[in-house]
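Quick one: the structure is below, and I'll ask about it shortly.
Going by the order they are written in, the chains are A, B and C; count residues from 1 in each one.
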Amino acid sequence: MNINAIFQFLVPKESKFFPLFIKVAENLLEGTKVFKELTLEKNPENYNNHIKIIKEIEQKGDILTHDIFTQLNSTFITPFDRQDIQELTSSMDNVLDYINSTCQRIKVYKPKSLPIELPKNADIIIESAELIYFSINNLKSYKNYEKIKDACIKINSLENEADDLYHIAASALFDNEKDPIELIKIKEILQTIEKVTDAAEDVSDVLKTIIIKQA
Amino acid sequence: MNINAIFQFLVPKESKFFPLFIKVAENLLEGTKVFKELTLEKNPENYNNHIKIIKEIEQKGDILTHDIFTQLNSTFITPFDRQDIQELTSSMDNVLDYINSTCQRIKVYKPKSLPIELPKNADIIIESAELIYFSINNLKSYKNYEKIKDACIKINSLENEADDLYHIAASALFDNEKDPIELIKIKEILQTIEKVTDAAEDVSDVLKTIIIKQA
Amino acid sequence: MNINAIFQFLVPKESKFFPLFIKVAENLLEGTKVFKELTLEKNPENYNNHIKIIKEIEQKGDILTHDIFTQLNSTFITPFDRQDIQELTSSMDNVLDYINSTCQRIKVYKPKSLPIELPKNADIIIESAELIYFSINNLKSYKNYEKIKDACIKINSLENEADDLYHIAASALFDNEKDPIELIKIKEILQTIEKVTDAAEDVSDVLKTIIIKQA
């Protein structure tokens, strides 16, 4: 417990942050669902339709992140540690950034086909985003902290699942793909999509920190 | 406004940081100009002359960064938040680091030719460094904050320009380059140069934070 | 000197952190030694035996890191700045993470042979880990700070050595390797192993910060 935490016992908490956090988590969840649609798209000529929507969602996320940072810098009392608010916001923003980066690589590299593991990756990412959304919605009330803890454990295990999936996909790629340029394209798409779940795990790490401090 | 900010109202501000910030920004601007010369160099045998100078500038930047951190750790009252000083310094250092990394890749990979977009990239980077230099020079006086805000908006739009340039360059590369090893070389040079403007945007984010807090 | 530092003069320091730091440094050193064994392994079929052990060491490191963070979040008075404890822990964890990432790339990419520079890299990494272990063991007593400073200088020069080694290895690779897929494999292994010494330098940067603040 630090100085900031002491003040929090003395002064009513500001609650304007929670509606913004929820908007960020909602927007992220929306992005993961559009990404799933992209991974199921049969016609490569339609990829850019989905990619364009994800880009817009990512830009909306940037604006929300900026709003939270502006609030943070002009607010004396915060519902929890300033740095934790900053890291929670940045880490959620990172998840969306890596989804968008994956899409941008698909757009620029134009691979002959997407990695066959990608829809499974999208499912893992959607589930992680749902758990983040659930946690953010329950963050306001101490009595829900046990549920958030469980959600964080689940996010961690999804990250391990994504990690295993990456290893399977990359091994298959290096075993089978003989065209070096196609190999480069798919390797980089797989490496970027793997960072999405890493970033989701970072969100769960911040959530765990917030819960421990408030306990 | 936080605890540190309260102290700042009570105690005269230390000003030894500003001359050091200015030196860092000057050194960075110098680095971007040498980088432009490299991108215009016709004879690949002369690349290393420019690359060597950039390496020296980068090492000078490391020493200045180290000086600021030493000052910071032994100073009780700082002109603005300790963490913001740390991030402002690190982020300016990162811009130069990525310029140097781009050069090191050119040196090690020895591509047959440099990407044709590189001089345009260099122009964007010089303009960003000029805006950073301008902002740092105006940071000492509150009445200039509106001008810094405008500079930050311009740095952001330069980052978008660099991003578009990267997409055009990388798309052309993947469309046209049939030699996979040349493709790898140019791809990594383009990816590194793009991080330079990302890092410049990080500088503008810290500048904006400092301005909001002091307002 | 900040608020936290003032409290530290008034209240006896908690010392439960030091045994945990030592365990982290020991575990890291252990990991570097197993990595050396991997680099000397003649039979590629045995690579995975060493890689599996390093993975276990990395997971043990994660648990220790988590323990320190939990302690940190529930402790009012810390032996030095909270953020420095956090960064010291994370940075040691990163060293091990990059060793593990290097191994995972070897496992997934199955290169025809490992880069010939790798045992030399392993020596540099072991020496860095020994210096970190030495520093952590001496961190409790002010009178050892001069020795830690010397260790940090040595870690920095080892980073420069690793950097030179990377440039030699990568230049040779791009000069000689004509198979683009083998080139990709070795390039990425070299890039990851280079990050290990960068991460060790980050550890030494935090150590230096801690020493300056306590002085």
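Everything below uses one rule, namely that a contact is a pair of C-beta atoms (placed from the backbone, for glycine too) under 8 Å apart; a residue touches a chain by one contact, two chains touch by 3 or more.
The structure displayed is predicted, hence computed values, not measured ones.
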Fitting chain A to chain C on CA atoms, where both chains share a sequence, rotation angle to nearest 5 degrees: 120
Copies chain B and chain C touch via same or different residues, half shared test: different
Distance from the mean Cα position of chain C to that of chain B, given in whole angstrom: 27
Of all residues in chain B, the ones touching two or more other chains: 3, 180, 184
Chain C - residues contacting chain B, complex: 1-3, 167, 170-171, 174-175, 178, 180, 183-184, 187, 209, 212-213, 215
Residues on chain A engaged by chain B in the complex (per definition of touch): 3, 69-70, 73-74, 76, 82, 104, 107-110, 180-181, 184-185
